[in-house]
């Protein structure tokens, strides 16, 4: 069987999600034997022409140039998978969506004319059709392997869209919201990290974005009545998935203190 | 309690019971203090058992506090139940190797030989409910059966129920009455405590015979009775299981479901901490070469969207319908399915709901 | 082959095997370099802007996102700066655990860079996977090393990328010593791998290319620097993080989204492993020192290509140091590491795998950040990389374009430039005429 | 609740084996029914086979490395140990089955679920109402009736498909259409100009059926909305409530009542169904999101 061609693309990001591929220390060589790494500049100089069977896209769209580049990537890819919070919801850099970027640049840059940037940071799916979105800031490398393996073999990826809470309990943590009165976004955040923060005695701050059917309103109401002030609530929703629709909407309710 | 089955001992007696079971090769599970809560864990030496703690519970609230006495059981149930050992959160069902043209299947692991320490009567009843589900129906869960057959249950009566407990309503406590091997009753005597051990099975009797123990006196049995009465009368939460079962059949379209649906987060915590919730999902994990695959069982919850997914959409899309499924199943349909209520009155779902939703209060609202 | 054209352009439009997006361009006319540019076109992400209005307690989580390769470094510089403002000093074992975390990141990052990004240049492979066809053993060992480093970060931080356990004041959760058991065994083996890898790498061919750089690194007498020390150079510089901004300035260039750092308005500096080694050789352990000597590495080493070897020495040292810290660690039990905010300004520099990483914050009495400034190692090195390219193309002018380009690439990788992080700070304080 | 006896044999079998472990079967024949729908004939790869099946029952079929899904038995014509299953490609697992070739292996657990209560139809008229792949679990029932035709009264097979491309079992249809003892009617929701048959929802076909309402048994399977209408059409035609049977579909992971997914009011569709009598499910049919 001919090996499938894999390409890894980068847009505005910290590189962490694509580093996850190289972090698959135990599986990297097996993966490389199963798939042809055709384009992955972080790891190789080799560039094999498209079209590509699978494109992994990291990062968000923040420049006019990138908005065009992603169209090219789409055209060259049979299957496009966006990876990480940047690519699936605009990432931390989408915090700019809540301020006026142009004024902001003028205020900070000596030579604003050198800067090519859009007013907003947006997800890949806002620009082109995306076949699968893998969440996380950063993504979980085991989930990435699961997604790659599933697409190679025609399986539906086992990537549940339920809450962090469920994973929290599977992993044997006591709830930190209940036992420590910490603000925790676990009940409205999608699982995937292994419920790390509760295990480390802190509240979830939403790396994997909203879960299926998130009741952000009820959680925020309860937390602001019992645990935190409005400003803290606002900041909790304005993290790495600030621009995901439900977090964005909820954060706006707490903009005015 | 028949006096011939009851004996008096102290902490050392329990320690030697622990040592005895260790020698017999059991993995021993019991309450431990971890991550700021009374959790369950495998105990490798007796002093790892939670000792000198009590807890404080309310809706969406839990704290542990040290107490001056060295009591082993002076707290109510924590977030975990022994369900996690008989019906683990994740379990490999089997693995397979080959290709679609030809493959072989290999069974997963077998359960260990276990002892459960300090099983409260509500949790004991919960185990009996799991028995009905996994052993007494049309099909048998082989792994559960094996785990169950080798199990030694050391129950404990509950001296200090929490504000969320209501086992007197469900008739499941606070004193374990049967289906244990040994029951421990911890009696506080000023700052000290002693233990009344009660045997409930042949296995239990054989174990007790090997310990240095004393006869129990009438006064000691009286103290036990008083302790149980006090515990029972301290529970303020109340409901009528049979009435609830009927009520829920008639209120499937009640507008209160919308109201509770607006508060519920569909986070699944309640189902995870419940000692009788048994729902699972299966996941196939296929290795990148495509030559090996594993099939895993993991706890699932009726609060998840995928749970009711059939081609074309989720049957239960709204949180309202998920909460209704949970509550009607637990408190009503369970009777049709397994002949009892699905609730043993442990109060965990109330304590561990991050927004403090109380199943009994919701029931009361439906009744209005 | 002698190149006779008058004008020659050596360029690479997309620099591979570095983190982030960049290219370089060198223009030679009549055997003289008239332009040398390391262009970085990574889009800016405005972190310093986002930090305004956030809480002091959020910095380790937000700044970690600047760079997926060295998030620990960002967490370390940021918490130290905050703790200085709040008048808090981390007690012994917290400090040790932070050093341990840093060891993990150094091992992970250096293993990635040396074996997977840099060695392929020396051996003529496009990447480590292609290299694995002939050197499978080394690639497997590299992955083992990398994993050992990641294991440390995993235990102490929860995950290797953007770990979640570091907070202003200490850690959210302190590990039980038993959690270190397995990783300790791995590290002992990793140290042996680093030892033999250093010997192997010393046999590679290093271009004869030396220069009298101004190396800057943190320095303190007590230990090889990670979290502490004053900033010193081999040319007499010595200052505290508090006065860093009096000496270092940044300049914006039209062709790059990374700022260029100058020392005292005119000096270019060299930061990173080679600088650390040259300045802190005495602080290395005896075993690390003797390994260095064994492979012919002494301070002051002026050949930037030998950074490869220095990184192996640092991996070796970090494995040893990590085990030492774990051996001494005892579980602290219940401790109070909560830090209350105070209004003020704080600065800190720590040694990221790629060199000095400087942070400055101003917070108000509620701990809300008023402004922030971050200078990444690659900003410090940007100038010196361009200078190296200048010198290199002249020295190796005889090579054909292809080979010369490759040599240039290899030279850029000496600095392991982490482009993605270097571009997130575009705030210009001083503009040079 | 369910027919207890149905489970007795299964129970004995499951005591020996872990219920989760499938038996290996080999694809002996593959027939394409229509676009995205195939019928597979499976035979045990080794000696061990599952217990004999009855109309209405289903198996859990496992595709190597892909997953496991519930699939009804689609023919019992051949009473050997072979299994006939008809599968529509709607997602990853069903697609994997559609992509199999003869000689490939699959895993099989079963049989599960209740049967169509054929004994109740003795000497009665029969209406069989199928919507789309809902015909799959009904075909073995038709086979049984035709096999013992004199035991039953008038037989009406009413089949609705979304469009001509969704029609399955062409060969059977030809023979049913030719069979004078059987009233076969087919309709499609949408059709092209060359379609000569009925157009419209399947429930209208009841008007064309031939039966004595009081003495009629109806067996229904199809999408849930279609079944709701079908039941009402039967009731409107005066078929007694307890003479109506339908097969309900829910998400299933275990098929043994352990996973909880298929709950439908007090029922586990996997063991109390999938075949239910209308009175059993009457109150639940009209409740949304139950």
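Per-chain numbering from 1; labels A, B, C and D assigned in written order.
Please note the rule applied: contacts are C-beta pairs under 8 Å (C-beta built on N, C-alpha and C of every residue); 3 or more make two chains touch, one makes a residue touch a chain.
This is a predicted model, so every value here is computed, not measured.
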Taking each chain's centre as the mean of its CA atoms, which one is farthest from the centre of chain A?
D
Geometric centre: closest chain by C-alpha means:
A
When the C-alpha atoms of chain C and chain D are each averaged to a single point, how far apart are the two points in Å?
65
Rounded to the nearest Å, the gap between Cα centres of chain A and chain D is 43
In whole angstrom, what separates the CA-based centres of chain A and chain C?
25
Report the inter-chain centroid distance for chain B and chain D in whole angstrom, where each centroid is the mean of the CA atoms.
39
Could you tell me which residues belong to chain A and also touch two or more other chains?
153, 155, 199, 201
Contacts with two or more other chains occur in chain D at residues 65-67, 91, 96
Partner chain A, residues of chain C touching it in the complex
14-21, 42-50, 54-55, 58, 61-62, 65-69, 71, 112, 116-117, 126-130, 132, 136, 139-140, 143-144, 146-147, 150, 158-162, 164-165, 167, 172-173, 252-254, 257, 420-421, 426-428, 431
Chain A-touching residues of chain D, taken from the complex the two chains share
65-67, 91-93, 95-96, 99
Residue numbers on chain B that touch chain A, as the complex places them:
34-37, 39, 60-63, 78-80, 84, 89-90, 262-269, 272-273, 283-290, 298-299, 301, 303-306, 317, 319, 351-356
Parts of chain A lying in touch with chain B, wherever the complex brings them together
27, 30-31, 33-34, 145-146, 148-150, 152-153, 155, 158, 160-163, 165-166, 169-175, 177-181, 184, 186-188, 199, 201, 212-215, 217-219, 222
List of chain A residues in touch with chain D within their complex:
153-156
